[in-house]
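Next, two complexes with chain A in common: one pairs it with chain B, the other with chain C.
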Partner chain A sequence: MERLKKINLKTVFPFLGLAAVIILFQVLTGGKVFSIRNLKAIMNDSFFILIGTVAFSFIMAVGNLDLSMGTVMAVSCTCAAFASGISPVLAIPAAVLAGLVLGCFNGFVHVHMGLGSLIGTMATQSVFQGILVLLLDGGTLAAPVSMLKWGSNGLKITVMILVSLVGAYIFNFTAYGKQCKAVGACSEAARLSGVSVKKVKYMTFIVMGGVVGLLGLFSLIRTGTASAATGGTLMMNVWCAALLGGLPLSGGSACRFRSAVIGSFTMAFLANGMTLMGLGTHDKQLIQGIVFLAAIAISFDRKNLVVIK
Partner chain B sequence: MENAKIILTAENMTKSFGITRALKGVPLQLKSGEVLGLIGENGSGKSTLTSIIAGIQPADAGEIRLNGAPYGAQSSVEACRQGICMILQEKATFDHLSVAQNIFVGDEKRFGRFGILDIKRMNREAEDILKSIGITGLEVKKKIAECSFEEGKLVELARAASTDPQILIVDETTTALSQNGRNILYRMMEKMKRENKSIIFISHDIDEMMEKCDRLMVLRDGDYIDTIGRGDFSAARIKKLMVGREIADNYYREDHTCSYDKEVVLKLEEVSTEHLHNINLELHRGEILGFSGLADSGMHDIGKAAFGAIRLSSGRVCDKDGETVKNPQAAMHKKIAYIGKNRDQESLFINSPIKDNISVASLKKLSKNTFIPPRKEREFVLEWAERLEVKMQDIDQYVMELSGGNKQKVALAKWLGFGADIFILDCPTRGIDIGVKASIYRLMENLKAQGKSILLISEEMPEVIGMSDRIIVLKDGVQSGEFERDETLSEHALINCMV
Partner chain C sequence: MMKKINMKKILAAALTLGLLCGCLVGCGSNTAQDQEGSAGLETGNEQGATGEESFKIAIGFTDNGATMFSLMANNVKTMVEGMGGTVVFQGGIGASADATIQFVEDQIAAGADGIVFGPPSDSVLTTVTTMCEEAGVYWGIAFRSITDEEIKALVESSDYYIGHCFEDEEKTGYQVMSNLHNKGISKVAIISMAKGNNTTDLREQGAQRACEEFGMEIVAEARDLTQASDATNAAESFLSAYSDLDAIFVVGTTGAGIHEAVAKAIEDAGKVESVKLATIDFPDSMAELFEKNILATSSGAPSWGYDPYMITAAVANACKGNRISDMPLELEIPMYDIDDAETAAKWLEKYGNADTLYYEESVIKDTLDKSVNSGLDEEAMRNMIQEFVENTAD
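Presenting the complex of A and B:
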């Protein structure tokens, strides 16, 4: 009975959070949340958060974290901008490839150098930041204006749905998804059950890199430029979304894919609601920080305290 | 002895964990100068009862009186101060502290001088304590991380001795100890008895219990069953009380002939690891090959090496076609299964449902073009859980909530479902009650009859002798003896090769 109760509470909590955020802002803004124009804005906000969180959920299932995603996105965006100078179409493979390479490097640092993911990606984050500054040479890079037209809402919605469906399929219905959770539950037991722990861990970082690379491309399409500020909010948004959605920091079998989706929309509605309320960037940051703290405080499993690897 | 003073009484001890009622109103009386044995199957409530007495967890209801006064320690430190000290089944030492620091942990103030720790004096006193209970050859400055599990347990013994307890609780500690370590513990217990102090002793080994205890108190499913005095001890009676029905005296294999096919299915060639030196062996089809040795003999490395789970410094492991087994995936490709000694860390995801634990080795088999149908997975898991008679609510129950025996059944179900041909079983019945033990032995016999092979590594000699076709004894990482199945084979013969 107690177990059932516990699961139920943890299951409904993210849904309640999403509903609470929507209702709160619907009331505070006098019903502006569901206007067509605003829904488009929400879609734009949730695009980056959702896709980032979908990829991140695999890293969390393994019991790892990634601090470098923002800079990976910025470097990919910059590479895309360079490539688009030659030919706009080249921006696509450039962004994804850059992301894959950096993700691979993260995997190398974690798996082969044997550094914990938290400390390892903190270091790579700094390395990638350095690469970014070198590439940009202190300025910004613009993409050809023709590229801005790519960013139709139809494309974004299609990509969002596609990524979510593929993510859900892999997470829930394939050996790889189950192996990710097994590694998160106990990597030694997973290894002794024939799971190639190193490969699984590597893969989560590579996929994360590739997906974030894709986000870098969309960032370039959306804003037309690559700068040092690109991707600056991604990590906080994705982490918040994952935690609000109920993904446990310890990884393992308690990880649910729906957490990534619900959490992302909660974050998107939250950010959007604050904008509707007319809050400035700095106020928003403060509130988001508090939400992050609250999400961690609620979801952190103090009993089964596991150090993040 | 008959009229000895009662120093500890517990009445109506009750404790629940969620829906599991671990203790249902159990009483306990402990006389001064006696060894009281607590005996019962896994999950009968022995550890729960003693850990409440030792202040490790609170009872839901019930009253304890120590020397006639109400007693209710809130922590093990408090219990220790009142003279009750417990040695746990699990490891309870600090890896990065030295032996001496571990002995005096929590009591460092004794060695303080102007706020500075007098380490020299601490080390000296630690040496005295080790010497007083007969532990030799253990350097007090050595870090626990560099000590073996057994040495760690001995340090815990020394720690208990240093507090000079009135009541010592020993919970299933002897399984971790070699004969030498056991003797140290027994001597300590005898000394305490002479000083009119008391011991509560828990062990799965009925012979040991009958030899060492003055009275035996039997628990079953959280109920108090009976207490037997030393004069009335008999293994059959105790087993019957524990299980609640008659148990056949001999639950090992009944045949006495060494039998297996000629075909070699697994081969270790000149294998060396950190703890093994030049091991050669051949496992045959339909053979149960047993390994026996002291805890540090390297026998646990044999299982890991055969499964490709540890790096070999030289030599190789190969299957019947001569292909090398490089890693666990390769081993599984050759239909080799491995169940480790540390069940909760190596064999199971204890924070996951039974379903995830059983299906994990068979994901490839279950998937069709990458897709694993949830229904197919559930049916597969349910089938194997039921074949092994895992006692569970459903397959979504967390493994953490199962008893030791049922956990092991889940681990076995994983590999049977996988369809292994070679089973490497490292201490498969460790800390498991008689009922499940017997069913694991039946299972092993069935597997043998089906032509599967088993590498049985065990610290329990009767088990190795009772089940194996051939036995290899290891000493200091080297093969020191080999025996064939024989009615007359005694533990003595094995021990002679071990030490």
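Presenting the complex of A and C:
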């Protein structure tokens, strides 16, 4: 009974968190949260967070982490900017391909070189940052003006829904999704059950890379600029969203896809609400840090500490 | 198990109810505003001191904690409030395209009627133009010029773009190098922003022009330093790698304590006599650095905050329905040099204090508010700028 109560609290916490954030800011801002202008801003905020968190949920399900997603996004954005100089349409494959290649490299470092995902992606983040500086020659790169018109809200909503639906389907209803959770729960047991653990882990990094590459493209469309600062906030936002949504750091069967969605919207409403209240960047960073800490403290499964790679 | 499922259902229902209530409150709030005829202003329920419709202006800049930021904030606040509006400031803007776009988007959502910022590059302006047009928000640029002709044409075609207030950055870069040349300096290392930053790119072009003209040489460079410790490392590297180095020129930075860190590195290396420091925009420690004989020359606007001040005044008038001009404004602020401790001390006495007002409240109302001063046009603003510069120089 005691155990059931504990599980229930962890299950309901993300829902409560989202509801609390929405109601709190709706009251504090006198009902500004659901104005049309603001909903557009929330949609734009949640676009990058949600799509990033959907891909990250697969990495978390296998019990891994990724510190390099921000720089992967920046490199993809830069490649897209270069390609758009030849033809704007080329920016699409360039961004996704760059993300896939870098994701593949992350997978190689973790799976074949045997480095833990935390240390491995910390190292690759530095490598990718170096590549970025070389590509940009210490500067910035602009996209053609014509390309900036692609970023309609309709397209963003479509992509968000599409990525979420495909992610939910793969995570919940395919063998691959179940294998991810099986590997996260106990990789040795999964291996003995016939799961190709290396392949599953490899794929999570490749998917992450490809999806973040797509975000790099949308970042270029949104800002018109590729720079070393691109994607600087992605990792913190995605990590916060995943943890606020209730994705356990230890991975495994406790991972739920809905966590990615709920956490992303919680983060988007939180960031937006603080802006509506007129909080400055530093105040927001402070609050975001505290929320991040609280989310870890509540969701962290200390008993499974040993399985975090 | 049953309990778990039920709990989820109850929570899902509660969440739906919460969202529904929120929507209704939100819609109710908008309706009330519409009925008041607030002309699309999200902050239309606030009333200015004169009983006119209030307006809100958002200002975003990279704030590194120096006095010039507080001075700017105090003055802009006094001016906007004097004109019946409110102002919000957001730091951490200007160094990255992502942060700039996010700032504009957030402030539009938060109900800003006017936006002022210093863009990190031209390329962000296309998106800003679209966002502000869709939202009907007036906006202006401080410190920067638009160098890309295609983007400039697009931005200036927008009815909501008010204009920009800027310095001749190329000329300033040239001027600093020219001052260094006059002090017998020829080999210079630079600390600058990332390539692609309009301001520092232009300053570097000017510096390069001076190099070609005076036979000077830029021997090394370090970019995008945001931490004082990084500046120390860069300066130490310059000093050890180039024994014949004459000066370190801080072309531009958004970091705090960069000038002081470079000066300390020069001192620690025992090269105060042989290596000098040059800066653009007057640092808080300027007088002290001149006294120590480390700082050779500094060039800047009469007061850093005067740029955003003047363009905000124009945006504020537009928000009140009194545009200064139908064409985008081009307000240039002349730079001037400080070369000695005495002038630096005099300048700091005035603008080293965050409470100094550029104009008293009564002057603001009588001159900068077009609803009171119908003669306020671009030419009048230029005259005010010229007068301000002359008063500062005196």
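Before moving on, here are some points about what is shown:
Keep in mind that, in the parts below, the second predicted complex is superposed on the first by the 306 of 309 C-alpha atoms of A that agree within 3 Å, B and C clash if a C-alpha of one lies under 4 Å from a C-alpha of the other, contacts with A are read in each partner's own complex, and residues count from 1 in each chain.
Following the convention adopted for this analysis, a residue touches a chain if its C-beta (ideal position, glycine included) is under 8 Å from a C-beta of that chain, and two chains touch if they have at least 3 such contacts.
As the structure is a computational prediction, the values presented were derived from the model and not from experiment.
Contacts of A:G252 after superposition on the shared chain: chain B is touched, whereas chain C is not. In the superposition on chain A, contact of A:A175 is made with chain B only, not with chain C. Of the two partner chains placed around the shared chain by superposition, neither chain B nor chain C is touched by A:Q129. In the superposition on chain A, contact is made by A:S193 with chain B only, not with chain C.
Chain A has more of its residues touched by C than by the other of chain B and chain C.
Once both structures are placed on chain A, no chain A residue is touched by chain B and, in the other complex, by chain C. Taken together, the chain A residues at the contact with chain C in this complex read 4, 7-8, 11-12, 15-16, 18-19, 22-23, 26, 30-35, 37-38, 40-42, 44, 136-143, 145, 148, 151, 219, 222-225, 227-233, 272, 275-276, 278, 280-282. Residues 3-4, 7-8, 11-12, 14-15, 18-19, 21-23, 25-30, 42, 88-93, 95-101, 105-111, 120-127, 130, 135, 148, 150-151, 154, 194-197, 223-224 of chain C touch chain A in their complex.
Across the complex, chain B meets chain A through its residues 18-19, 307, 309, 328-329, 331-332, 338, 340, 345-353, 356, 359-361, 363-364, 366-367, 370-374, 397-398, 401, 414. Those residues of chain A lying in contact with chain B across their complex are 1-3, 169, 172-175, 178-179, 181-182, 185-186, 188-196, 252-254, 304.
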